[in-house]
Amino acid sequence: MGIKTYDEYLSRLGNMKRNLYMGGSKCDRTDERLAGQLRVIKETYDRANDPEWDGLATATSHLTGDKINRFTNIHHSVDDLLKKQQMTRLICHRVGGCVMRCMGIDAMNALSVVTYEMDQALGTDTTKNFLNYLRYWQDNDITANCAQTDVKGDRLKRPHEQVDPDLYLRIAESRPDGIVVRGAKIDNTTAPVGDEIIAIPTRFMTDKDNDYAVAFAVPADWDGVKMLVRPANNHKRKYLQAPIAEIGDAESYTVFDDVFVPRERVFLDGKGDPRQTPFAGFLALLFAHYHRHSYTGCKPATSEVLASAAALVAEYNGIAKEDHVREKISHIVGVAELVFAAGQVSAYRAEKSASGTYIPDEVLTNAGRRLAGEEIYNEFKIVADLAGGLCSTMPFEEEFFSKETGELANKYIMRNPNISSENQHKCFRGLENLIVSELAGVMQVAGLHGGGSPQMETITMMARYDLESLKSVAKYLFGIEKELPKYERATVTPRKMLERFQKMYGSSAK
Amino acid sequence: MGIKTYDEYLSRLGNMKRNLYMGGSKCDRTDERLAGQLRVIKETYDRANDPEWDGLATATSHLTGDKINRFTNIHHSVDDLLKKQQMTRLICHRVGGCVMRCMGIDAMNALSVVTYEMDQALGTDTTKNFLNYLRYWQDNDITANCAQTDVKGDRLKRPHEQVDPDLYLRIAESRPDGIVVRGAKIDNTTAPVGDEIIAIPTRFMTDKDNDYAVAFAVPADWDGVKMLVRPANNHKRKYLQAPIAEIGDAESYTVFDDVFVPRERVFLDGKGDPRQTPFAGFLALLFAHYHRHSYTGCKPATSEVLASAAALVAEYNGIAKEDHVREKISHIVGVAELVFAAGQVSAYRAEKSASGTYIPDEVLTNAGRRLAGEEIYNEFKIVADLAGGLCSTMPFEEEFFSKETGELANKYIMRNPNISSENQHKCFRGLENLIVSELAGVMQVAGLHGGGSPQMETITMMARYDLESLKSVAKYLFGIEKELPKYERATVTPRKMLERFQKMYGSSAK
Amino acid sequence: MGIKTYDEYLSRLGNMKRNLYMGGSKCDRTDERLAGQLRVIKETYDRANDPEWDGLATATSHLTGDKINRFTNIHHSVDDLLKKQQMTRLICHRVGGCVMRCMGIDAMNALSVVTYEMDQALGTDTTKNFLNYLRYWQDNDITANCAQTDVKGDRLKRPHEQVDPDLYLRIAESRPDGIVVRGAKIDNTTAPVGDEIIAIPTRFMTDKDNDYAVAFAVPADWDGVKMLVRPANNHKRKYLQAPIAEIGDAESYTVFDDVFVPRERVFLDGKGDPRQTPFAGFLALLFAHYHRHSYTGCKPATSEVLASAAALVAEYNGIAKEDHVREKISHIVGVAELVFAAGQVSAYRAEKSASGTYIPDEVLTNAGRRLAGEEIYNEFKIVADLAGGLCSTMPFEEEFFSKETGELANKYIMRNPNISSENQHKCFRGLENLIVSELAGVMQVAGLHGGGSPQMETITMMARYDLESLKSVAKYLFGIEKELPKYERATVTPRKMLERFQKMYGSSAK
Amino acid sequence: MGIKTYDEYLSRLGNMKRNLYMGGSKCDRTDERLAGQLRVIKETYDRANDPEWDGLATATSHLTGDKINRFTNIHHSVDDLLKKQQMTRLICHRVGGCVMRCMGIDAMNALSVVTYEMDQALGTDTTKNFLNYLRYWQDNDITANCAQTDVKGDRLKRPHEQVDPDLYLRIAESRPDGIVVRGAKIDNTTAPVGDEIIAIPTRFMTDKDNDYAVAFAVPADWDGVKMLVRPANNHKRKYLQAPIAEIGDAESYTVFDDVFVPRERVFLDGKGDPRQTPFAGFLALLFAHYHRHSYTGCKPATSEVLASAAALVAEYNGIAKEDHVREKISHIVGVAELVFAAGQVSAYRAEKSASGTYIPDEVLTNAGRRLAGEEIYNEFKIVADLAGGLCSTMPFEEEFFSKETGELANKYIMRNPNISSENQHKCFRGLENLIVSELAGVMQVAGLHGGGSPQMETITMMARYDLESLKSVAKYLFGIEKELPKYERATVTPRKMLERFQKMYGSSAK
């Protein structure tokens, strides 16, 4: 019963209140400017209902034993992590890039760990709320956004130091029955077509930032939630249908205009209980971590889509056997392989947290995600290089079908004599969508920043990496220390990370 | 009398025949989809009429001694080359990238050399035709496209080997009064708003390709010329006016459907006179060379525009003093400086050709253009990196001005407390135009391929570079040769290049 | 009984005939110029005898069930591959880089697969010879060189086309009791201190190259084997002992001057039995493959040694907290992690061959090895960058201990006040050994070329990667094909590879 | 009379006191370990005496009108700067890299500007001392080291904050007749074979660092000067003579053990006259600037030497026509061209200082030097890549000439059939010297750090670059500012730089 169809999901969206703003007016979730993103989400329902994908796009709930959509699963084994990664990769192939639905489940996994750890440390009982909420998720095959990035105001100041106290999402009021929150989150992919929004902190919080230590979930059309929506779609096609032309993105600049959240949907409340504040940073980092692990699935797929397009156009252009062409394609393929391998080994080395949820290796996950981020623009460059200028100078589709110019347009687009004019046309039209459209621009930025920029991954990676241990190698080799212990790479586990936060901020958490 | 105003130019366009096809129907040159490109061309007229730019955007005709627009000038000194480069750079700053008008004058300079050399070698009198045409150009301040890139069909085959003989533009008929040409050229920037189209060969031609050794000029609305037009513009703004939002591009896929060209506008006719065939490659390369030298003006400007935006958003984001931020901006700035320096030294080392026209150094011009091409995607990456995700997730403009959401939208966009919400908004809206729009995608591809991809520049550069001489250094150092002559970098001059072609193809040119 | 001590090994070397040539005369294997390499090999015996390394540096023979040195083990499980990789990495930490003993066992694993496949295909019984030889190896804890790289003469010609037929090692005579071989192999690391030399082909062979399809093993001091030895060692230390100063390299340019090899030590004989010829290429590639997989163990270790030195000198120079310093160290660490992960996933995905030996994934192994090779010079650059010039301008050790200058030398080397002058001295002296010595130069080249250059890995990787399958992604997305099969990366397995060779060369192998 | 011969110079060295320490004892300047460096210096005398180099390796003294060695010239025109750059490049070709004599004249040019500016500002008369000293230089064709880099102790502390006050060179006593200095300088290339040592500050100094604001010149064997010398040479050759084998480097760790400097050789004395302190930073930066401009001559030459070797070995290996080979060589050549062009344009844009000395453009000089530094390791990688492993595994020379192995060694080294075995041998032996020797390691570090690491060049470049002006471009394009002034790159001139220092440190200089 846990797996829903796309139509069931769509009918839920149809019933939601209008709180999306696009171009100066409110609009429905079925607005055609959101069709591109819905097309992507559709894949995540269709695959879970596709017998061929059984066990990959589906999982077994550890709560109920029911078969569920893997996008609602809490990872309880290495295999769960491996399959999540592989499912992500394969669906991304079908939508030409971002799967759009990873962040909800990444947030849920992070919450499963943090609520449990917090309960253990403080004697709170947030886990109960979380599990009820998870049950709702799994039963209804929920699609959600995770709203993490605060607008942040002056980046050199902490939340409580800002001129305007609302520049980080904050708890305006904490009451027994719930909290009232105010602020805004940006870069909220999928939010316009999500059932739910899960809000979590964007950074760690000091004990002066208690009001900002907040996490909760609300329906996406909840009172006071206002979404300023930014869609990006490809040019509509009239003649040549193609999946690449149908996909799109939609982002939300989400305002929480004094939103009341009932207590059972609150997962972190530093204002009501300041002991909870250190868990804000823990949750922020753990979501980012699960999200980056998802990127070790989607980014290789993005690279593969680009490599695939590069290989195809090289064939169509008749240059597939040139040395430099093979070298360039091979470069993209190599990046994809390495990033995917990083995610796989992260899964193989995953640690089981106290809650039972598995946490992948952080150093490798970050090393993998970082490489993908560093290479994304270069990969677009390679495709453009092999395609030639035509991908950016293609006349409109109509010119290829009109009476007056159609014949000429098709005559001259011929390249590889083994490829029909129509396929040549499809290839370059597809390339236009893939690498020179507005959506392509969005995908470049997302490829760089999504889940955190390379800069952030370097910081995270080095925070986990035990550089002091590594130095013992040079000390031994240089004769500064006599012995070299059988060096094993040591990393900072999530539990140690939490302990650090607690020390740093003098939390009274035991 | 040689300098015209934008309005005079525009009124010429208004009188032209409709031979542009966009979206299934014919359209005027004043179609609003071409407004973005016209906005760019406008700068090239306005600056020539701006007293502050006198001597930079203007030049003195070597034909008449008249003051002319520098975009119609034949370079007769090192200073001409330096000023052309600097003018290009400065206008590009004003239009956020491509100046759109370089290729016409680049073609004219190449023709000035090649027609003269050909006349000297063969006793033809093409120079006379060329000078008459140049006079017309300078008197009327002509804007032109240079149509070089053939559609090329199977890239592994030469023109005469193609399945369809029309896949390279060819002379179907050569008559005393002129020629009839058939074929198509692509990637024709500016053609939709040009007065003229100058067609030249895309590669060297063997004596089996005589029909394809062709160069000529026709008015852009000439009988049989059909342009399939691809415009790219930014989203229209309602509230926040900004130059970046007004600019655009338009490209043409130009079909020559049995076009008759009168003899006085023919500059190369290998069908009528096969001795002319070797000059096809010479012309192809020389246009590319002048065009690449123009890129040493526009590409540094593009880099500077990107660096400028990067520096601005870094300030607005409050991260300007971070080490990595300065390093990244400095990287772009360094590339801009090096590419511009390459163009300058190319000018300082220019050789005067027999025609009197100056030809810049080829090795350096190619080295500079190549660096720019290799870095363009990386520069976009740096801007995106420093901007953060918001540049790709910005809600529409209306949301910032509507009653219902305007106040909230502006409240939360605040970052650096010294910067107003409106300027923050302008900055990110500008970034969206600059790096995540469809136009940005086109500019990336143009930055890579325009004037030839890095691959082509490597080939050209190494064809000119005298590697055998360079090897004498290692031979001396390794004791293989006893003496090292005072090594001076030797390059292959245009004249030597022509001699090579003649030898290669057994031309009867003396 | 399979594990020997370093002293036992050394005494074997002591008994060998003199066939090493260094500086114009024959020398013993105990020549002090070989001490550096012996110091490395020593680790491989000591660790196998170290209880703490039990199960990692030791393995269980699949032949006898005995405990053996892992450097003599045939991989019979994923775990064997993982442990070989990890052992390699950890020993490399102890010797500052190359472990020097991988190639022997890499050759043995390749032979285990190829001899078996050949016997199956041709009905030969080479496996018996191989297993006897393996038994000898395991019982005696043999150290061996694998001599693969032929001198190759004109690289554009095949073996049989060379001016001098001996430029690839060839079978001069094939007799019932054995073969006589003539030729030379180069770049033979470890050969000067090896018990044995295993010779294998360097490339695939056509049916005109039957004489060159040859593989065998001989004792390193066998009649007719002449080694022209090139050692590289660090400056001897008088005062400051350190492992980095003790290690060294030795390479052999090995001439086979009509060497007779008894039949039981011949593993491939294309002259005697031309049906065996296709297996030459198979063996060449499979050895390269196992060797590259070993590099996924040693290269991360080399990177880690360099990162470790970089981190140490950054601390000593007091710049450890600078952004750019952390970024640079993190870059090396990230490369190490990714390359190691590539090797691990290659192991996880290993296929069991018919012989029972496990073969790691080729695409990933090559992607990993290639990244390491591409980065090696950059890693040296980073260490030099953080060290500053002093690592290359250090006065000799004596100046720090002499009466006249010792006090001054030590006074001024002080940097970080928490670090003693002696440790500062040790650090920079160590850095000198690590990055500016002759040995460092050798290690750079080895880091690039060892196991094959990035160029070779690109070729191998793309030969295995199923690019046609990948293209189906773009074809689906662009609307060229209707369906996208659940795309799984397909690779070319060793068996398929062999079949290809057979087809290519019309082998009569069934 | 200003130009001396190498023998005259050598005889001066022969008369100097022994104050060099190598390997525990004092040694002469004719010690054979210094022969490699002397071989380099020899070129700088020989070329000035070579009629073919007249006007390039010689100049005309602005003091006396005499013909002098250009290595003693103060640049009084753009042409002087261009010729210095070109001379540097061409001599570097002859010595396979570093010319070793640039730093003396770079220091003299910096002093010519700073002493003059100081006199103007403070009414001192240091210029007189400087000009007398310059006269001595020009008359005697002096070779000098410039000792700039202090040992620096704790890099996070300023000179006066160090635990040991001597960790920056300081004035222990300032008397009317001179100063007494104490401290040490490192990385002093050429000092072991220099006539003179010129000491200058390594950074700017605050008014608490007056004692450290010091500049002066002393004969290299002056009382109290002790040099701890570090030579690096290639293996001696017995049979195959080659320039590459003869060159070497020597560096000094120079201790100033309470050295008295007579007043007429003191150029900066912040202890005696604290108003002089701000000129310390000015001098430090200006020397670095001239030195980096020299690098725009030598680094392109180094790149060209490497490209030359790469091209030669590619020919000898028979791979010269491979795409990737041409691409790689072209990459090095392109870097060389761009760096040289940067230096040339820096010269064209040079400003005449008040003293009459020309100062090249700083932004471009730094951009050029930085690119060279960033690429140096990559260039070694490319040579190694095209050479293959043999360059690092070559048997000793003797093996190719001995009776027992000579014939075999020469037989098997044959590659390209058009190249003799001896030339093959010379090529690989030369490559060994060039890229895998200890000297090669020193040259890599020097290529990175000499004149300042890329990090330092970024800092300098951005300190001069007027980023605020550049931002006006984005402000205009984004609609934040209405007008864009005709943007010309603005830079911070040396005079402005000095004014900044004065403001920063509250100097009483007018």
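As written, the chains take the letters A, B, C and D, and residue 1 is the first residue of each chain.
In the analysis below, a contact is a pair of C-beta atoms (placed from the backbone, for glycine too) under 8 Å apart; a residue touches a chain by one contact, two chains touch by 3 or more.
Just so it is clear, the structure is predicted and the values come from calculations on it, not from any experiment.
Averaging C-alpha coordinates per chain and comparing to chain A, the farthest chain turns out to be D.
Counting the residue numbers that touch the partner chain, chain A and chain B have more than half of them in common. Chain centres here are Cα means. That of chain A falls 40 Å from that of chain C.
Counting partner chains per residue, chain B has residues 324, 327 touching two or more of them. Within the complex formed with chain A, the chain D residues making contact are 322-324, 327.
On the side of chain C, the complex with chain A involves touching residues 52-53, 90, 93-94, 96, 240-245, 304-305, 307-309, 311-312, 315, 326-327, 329-330, 333-334, 337-338, 341-342, 344-345, 348, 363-364, 367-368, 370-371, 423, 426-427, 429-431, 434, 458, 461-462, 465, 467, 470-480, 484, 486-487. Contact residues of chain B toward chain A in the complex are 21-26, 149, 151-156, 163-164, 166-167, 183-184, 186-189, 226, 228-230, 232, 251-253, 255, 257, 317-319, 324, 376-378, 380-381, 384-385, 388-396, 398-399, 401-402, 404-405, 408-409, 411-417, 435-438, 440-442, 444-446, 448-450, 453-455.
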